[in-house]
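In what comes next, subunit A is part of two complexes: it sits with subunit B in the first one and with subunit C in the second one.
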Partner chain A sequence: MHHVVLDRWGCGLSPVHRRDPRAKMLAALIFLVALATSHQSYLAVSAVYFALLVTAIFAAGLPPAAVLRRAALVLPFSLVFAAMSVASGDTTRAISLVVKSYLSALVVLVLVSTTPLPQLLGGLERTAVPRFLLLVVQFLYRYLFVISEEAQHMRAAAAAKGGSMGRVISRRRHFGAAAGAVGVLFARSYARAEAIHLAMLARGFAGHFRPLAKSSFRKLDAAFLAGAVAAIVLLRAAIEAWT
Partner chain B sequence: MHIPDGFLSTPVWATLDLAVVPAVGYFARRAQGLEQSKVPLLGVMGAFVFAAQMINFPVGVGTSGHLIGAALLAYTLGPAAASVVLTAILVVQALVFQDGGTLALGANVLNMAVIGLLAGYLPYQIWGGGRWRRPAIFLGAMLSVMVSALLALSELLVSGVAMPATALRVSIGLFMIYGLLEGAITVAVLGALESMNVGFLRVPEASVSHRFKWVGLAAILLATFGALIASAYPDGIQRLTSEIGIGSHGRLRISTPLANYEAAFFQSGWLRKAAAGVAGVVVIYGVCALGGRILGRQRGK
Partner chain C sequence: MDALIDVRSLCFRYDDGTVALDGVDFQLYPGETVAIFGANGSGKTTFVLHLNGLLMGGGAITICGNAVNKQNLSRVREKVGVVFQDSEMQLFMPTVLEDVAFGPLNLGLSREEASERALEALKQVGMSGCAARAPYHLSAGEKKRVAVAGILAMRPEILVLDEPTTFLDPPGQRSLIELFESLPQAKILVTHDVECARALAHRAVFFEKGRIRGEGSVEDIVARFNWDRTVIRRPTSSRH
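Moving on, here comes the complex of A and B:
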């Protein structure tokens, strides 16, 4: 599955990886807002921002082609709406939809592939986001691959028993079998959650995860944040003043 | 439908991001208040929704659909917990799978994990305990999909994303099919669950104020099917509004603050723009943090 890629990218040791998650998150947020609110000369702004992101990708030692390709996951959706905008005569909007959605996906991707999700959520925990929600997100991400694998096993088992032969069994039966499979998956997930909870209690879970390395906001992080924000804001301002 | 970044206009995403904060805080508090064992359960059930989407249901000739899951979660875990799970799913989809935007997260959470979910839970809350249980499950699951899709569509339209009338009609027809399919799948899966263990489903307790819920359900049905009819006859609606004279007023009221806002921003110097942008971020953060704290304190008592 392609998630493994993201986790592998996330455990790099580049200077970008080592910055405090909060500094990176804030920089990404300001990037997103600056991009979303630029209108008149957004194309020039986007080009410069793209260059900034490519610089970040190289600084982080990420494989550029793979990262750019993965951010393109957003394009099918954008292209449909862009086509609709073109059909109703709004070509400017069509280009802006594609460019802005791609760049926004790219900046989030760069953030997530230089910051493992647990660190990212740990950084969010120091803000006002409800901790309960973050814990649920942590668990979701942790067990996503476990439960998905279970679903894959069930699908393979069903196929081995002839479940994939749509012509042989009626569509109605097939529908019922799929519903049964989802039901079984639900019951297994439920039982697994109970077992996990008991195991956590047995290990003395106190209501929050303890990160292995305590991250602290250092001068270098502040410098990174200041530099990133200055680049984002000043470049946009310069382009808008110039055009 | 997950809205990516770059689709919504700034006033729309900023407003919805702000609007969703108290709702998420409230649901998180409610879900947390029930039991300590909730955290692993909700996380694993979120993973279950992801995994369940790998199991295909045959639909027509050569096509297949899959469970979306909002209504199923609401009927088994309760609305507050289901809302937290759906919010968590949307966060993971936005961050890890590049499915849905980050600034647009507020809009997506509001569409699917708050309003869509509540619209889907309401029929079950009213009829879920009695004879009309299966139709209620079907209607609720269908509404959860259609309400969130129509909300997303209207947010895009308000943001100025143009869609030809035919494309609009086709997409609304598709949402209707997805809705019917979600209804059928949810009924079938809940049937399978009940035959395994009756305890999985929460039977809604008979509460006193049914009238309020009836009004709510009537409003949702009216809005949903009104939107469908309006999309079938867009010209008729436009003529009607212009004849009555609310059209021009309505549009004026919607567009003036945005127009002024943008004009005020773009004619000023770059330094002021930058300052205003930073101030905006700070204000948004401040309001979010304050709202969360206040809600947290109230619930904590």
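Moving on, here comes the complex of A and C:
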């Protein structure tokens, strides 16, 4: 099942995987701020930051091509705004939008691919993010997969009967059928989500995921954070001084 | 002997008005296994969901001396472990070990204790080597065993097995039945699989329209309600 690929990547044992989620989240946050606030030399900064992320991908043992491809999912959205910038005559802003959005998606993807969700949420909880918000995030994440899996089942069923969801949606006269299929998808997903929730309740779930892995901020985590922050800040400062 | 489960006049109606349970009385005693038979929609699953407090209807249910109500829910869920028909629904954590430890962690055990219990339960179901694997990489039989381990790790006194042999091939079914035979807990077995019930159950009850219509040995219930899938072939006449 390809939709669980992030869970699979998150279960690695690399040095990056073993770092405390808080260290990784803080490093990612600083990366995003440094990237977003770079202006004149953003292309050089982006190239160096891209190299940093590729190094992290290799260090984490993630499949580089797959990670880079998945991060590109953000491009259709940023390309729309980039096209508007080009239309208004600001090509530099357009390129900046595309590059920065891609790198932002990539850093977040590296973070979630090296930190299993329960650990990530545990880290967020320890940094005083409201528990209700975290509960919403964890159920959203879980049930998005449920919907995706149900959609795959329905597509297989349609194909088995000689149909194609794509063809149905592409023909205007079949819009009614497509809308019906979407309705059925949500009804089925809802029923399935209910069943999963029941199974969780049956095992004593009371609204709080407790991760099995112990999380303590150690010297290695502090060293990782210090190293990452130093690399992000110093590289940008050096590039800006040079240009 | 005191009953582990004592159900009196249990009634339940779904929001759409469907009466699912209509005055069910049932007892389960230590060490016994009871098979629940009945057609689809007869109220079997609705009934067992009440035993864990997942549904709350009218009447009274006592589990190991604890009344099933909102105040006692965690204690009741510690006593009654439900293995659902579809293991996919029951496995939602990234690794097998984390999934099996999910229940013990919810019981308030420390990480070390939960991990220890999870490993012990995995050993009990013969899945020790799969602790670090992702649940979605397992076969249907392995998933079922991990789902059972997730319940055993909570050390319940009663096991509720909802259609445990569904989706399994015959060797998988046989091996699962052997596993259940080896478990000391009292069991409720909701099933259409008469062979499985014959192998495990000491007695059986038959559900129909939300009521228990019959109670007796498995053979007795199968015969009385014609609850077998044997097809009687009629001799074909030749057209010579």
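By our rule, the second predicted complex is superposed on the first by the 177 of 243 C-alpha atoms of A that agree within 3 Å, B and C clash if a C-alpha of one lies under 4 Å from a C-alpha of the other, contacts with A are read in each partner's own complex, and residues count from 1 in each chain.
Operating definition for what follows: contacts are C-beta pairs under 8 Å (C-beta built on N, C-alpha and C of every residue); 3 or more make two chains touch, one makes a residue touch a chain.
Here the structure is a predicted model, which is why all the values come from computation and not from measurement.
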Examine A:Arg192 and indicate which partner it touches, taking first as subunit B and second as subunit C; both and neither are also allowed. both
What is the contact status of A:Arg18 with respect to subunit B (first) and subunit C (second): first, second, both, or neither? neither
Does subunit B (first) or subunit C (second) touch A:Leu117, or do both, or does neither? both
Examine A:Arg203 and indicate which partner it touches, taking first as subunit B and second as subunit C; both and neither are also allowed. second
In the superposed model, does subunit B or subunit C contact more residues of subunit A? B
Note: overlapping subunit A surface for subunit B and subunit C spans 117, 142, 192, 196, 200
In their shared complex, subunit A is touched by residues of subunit B numbered 2, 4-7, 10, 13, 24-25, 28-29, 31-32, 37, 39-48, 50-52, 54-58, 67, 72, 76, 84-85, 87-89, 91-92, 94-99, 101-103, 156, 160-164, 167, 184-185, 188-189, 191-193, 196-197, 200, 262, 265-266, 270-271, 273-274, 277-278, 280-281, 285, 288-289, 292-293, 296
Could you list, by residue number, the parts of subunit A that touch subunit C in their complex? 1, 4, 7-8, 10-11, 116-118, 142, 192, 195-196, 198-206, 210-214
Complex interface listing, subunit C residues touching subunit A: 49, 52, 54, 74, 77-78, 81-82, 84, 86, 89-90, 92-95, 97-98, 101-103, 105-107, 111, 114-115, 118, 132, 134, 136, 150-151, 154
Please give the residue numbers of subunit A that touch subunit B in the complex, ascending. 3, 6, 28-30, 32-37, 39-40, 70-71, 73-74, 77-78, 81, 84-85, 87-90, 93, 96-97, 99-105, 108-109, 112, 117, 120, 127-130, 132-133, 135-144, 146-148, 150-152, 154-155, 166, 171, 174-176, 178-187, 189-190, 192-194, 196-197, 200, 233-234, 237-238, 240-241
